[in-house]
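Read through the structures below before going on.
What follows is chain A paired twice: with chain B in the first complex and chain C in the second.
This part shows the complex of A and B:
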């Protein structure tokens, strides 16, 4: 059975502006503690479309079990100020998508990923233009 | 069963349809085999050398080098594969980003830190204008085309002359070398075409003068107004002359072993249009205009494989020459953040 990964952003509309602070909470369930190796949380942008994927990480956090904090499944949170660019963009052959991503590493080597997309800025959808 | 034991998978650039883990294991097994082979051969070779009483082989150094190379290549590949297997894409990207921000090897300027992935404009603002603040550099220079035409012409003339000398030197009456006789006119024809092309380029280069574009400020910001000055030299009679602000998406992708590029225009605004103009001899055609960058547009973006590029393009149709187009890149910044109303 796959682990259950929950990600919650502080705004239900999931729309942010440049320079604003984003709050993110995440939690991992349905997995035994001894099966877990690490949990990574990141805030990143990636491209979609015709070209190869580009990716940039704005915030990154890696949790491994320690003596102080043995249970890395518990609810965790982070907050960060959003950068000036790149803004979310829905073009014709290129899309730029922002998301909060949680990646779970199990002891047997398998990984599970969950994304929560959000918008940065309010760039309108691009239209095809004939020059 | 076929799902797990597929002989081959489809490849779309860096994306593969086969299971990733299986590929990683295969890569690790390949490099492990390389290490093992290098190690075993090296030990065997060294034991043989120590055991024999005869003097060392003449190729001792080379043999040793090849085996050591196998060992090194295998070890580096194996370590790299294992590191790739254990580290997520996000972690790798975060580590690389952190490395560029270390004080000793800082590669990013303040503007790049404030606006990541927006291209720098230092190459666009290092040349002051005569009328306005900056003279923009053109994207493509006709000198490259000229250089390529000259290089090809010189190379081909050398090949044709060498072939002609060879045909004459080895000519024996009654024993014609048909292959060389056939090749010679073909080479001469290609040489003739290269002369024609070079002359055409030279005429064009000297006939169509340089295009200068100056701008009042840079980088550009959405909603802001800018002045533009344009100067076109050369003895020309314009049928039409257009300047436009253009935005295009560009994506690079791989198809098999080929790298391809695709572009799509998403914004085009004509800033200036003139027709039927005769340029006086010795005086360049000069125009000034103003334009505003629209408020809600995508900013310039430069990724490794994808980009959003803003350009000022000059399209000219003349009576003497084929239509030509010159492109001047500009950088558009994202709009300034709007302060949120406090509730």
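This part shows the complex of A and C:
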């Protein structure tokens, strides 16, 4: 059974503006502590489209079990100020998606990833117009 | 013509199953032809002491097959040195003293024919001398023992499209695949590029709801 990865952003509409602070909570469940190697959380953007892809990581944290904090499944949170670019964009040949991403690394080498998408800015969606 | 309107974007856009992130060689599952599977190819390569050529035209899945073979080779204990060559790249992007190459038991070169004849000769001689396997992809046979000849057909194209759309409403239909497959002269990569555009056009026309990415 796959681990259950929960991600929650502080705004139900998941829409943010440049320079605002985003709060993110995440938690890992349905996995035994001794199976876990690390849990990584990041805030990133990536492109999707027909050509080369790009990706940029704005915030990153990695959790590994320590003597002070042995259970890395517990609820964690972070906050960060959102940058000025790139803005979310839904074009025809290119889209830019922002998301909070949590990756779970198991001792056996398996990795599980969960994304929670959000909007940065309010760039209108591109439309095809027939001539 | 494309322009922007005041349509409000959603936090999560509708992902296009024909976008590069789903179709690039390391993201897309290689669909083996009937009566062929990965174990057969690995066994055959082993019998050929790690030497072999994957032959096929542009967009036939050579790189995708290599990406499928790589983890399987590693799980059989091979250390891989993988080089992907682009058009006009006449020399290998490495030095003979590189650790990756020196420790490799299996050298993999995607696009071997891009190399100059001299570079091809040197690499083959190096691999023979140090008892390393050499697996290549090429558009035309280059005198290596065959591993597989890829010749995509319509049935393969239909399987690939069905696989890519498996988590989506069926926006691209079989007739679309037949038409674009013929139009692109059996080049699956080019066909998928065109299906990306068709998917976008129909998605916008139908106002398909955003789904999770």
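The definition used in the following text is that the second predicted complex is superposed on the first by the 127 of 131 C-alpha atoms of A that agree within 3 Å, B and C clash if a C-alpha of one lies under 4 Å from a C-alpha of the other, contacts with A are read in each partner's own complex, and residues count from 1 in each chain.
Assume contacts are C-beta pairs under 8 Å (C-beta built on N, C-alpha and C of every residue); 3 or more make two chains touch, one makes a residue touch a chain.
Predicted, not measured: the structure shown is a model, and the values here were computed from it.
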_For the combined arrangement obtained by superposing on chain A, do chain B and chain C clash, or do they fit?_
clash
*Partner touching more residues of chain A, whether chain B or chain C*: B
*Should A:51 be classified as contacting the first partner (chain B), the second (chain C), both, or neither?*
both
*Using the superposition on chain A described above, determine whether A:83 touches chain B (first), chain C (second), both, or neither.*
first
*Using the touch definition from the top, say if A:111 reaches chain B (first), chain C (second), both or neither.*
first
_First, second, both or neither for A:119, with chain B first and chain C second_ = second
*Name the contact category of A:19: first (chain B only), second (chain C only), both, or neither.*
first
_Touch test for A:97: chain B only (first), chain C only (second), both, or neither?_
second
*Answer with first, second, both or neither: which of chain B and chain C does A:127 touch in the superposed model?*
both
_Colliding region between chain C and chain B, picked from 73-81, 181-189 or 307-315 after the shared-chain fit_ = 73-81
*Name the residues of chain A shared by its contacts with chain B and its contacts with chain C.*
49-53, 89, 91-93, 122-124, 126-131
*So in the complex, which bits of chain A are touching chain B?*
17-20, 40, 42, 44, 47, 49-57, 60, 62, 83-87, 89, 91-94, 96, 101, 103, 105, 109, 111, 121-124, 126-131
*Could you pull out which chain C residues touch chain A in their complex?*
1-13, 15-16, 19-21, 24, 193, 196-197, 200-201, 204, 212-213
*asked:* For a test of understanding, state which residues of chain A touch chain C in their complex under the given definition.
replied: 13-15, 46, 48-53, 88-93, 95, 97, 99, 115, 117-119, 122-131
_Touch list for chain B against partner chain A, complex_ = 13-15, 21, 85, 88-91, 93-94, 97, 114-118, 244, 246, 249-254, 262-268, 296-299, 301, 303-306, 308, 334-335, 337-338, 340
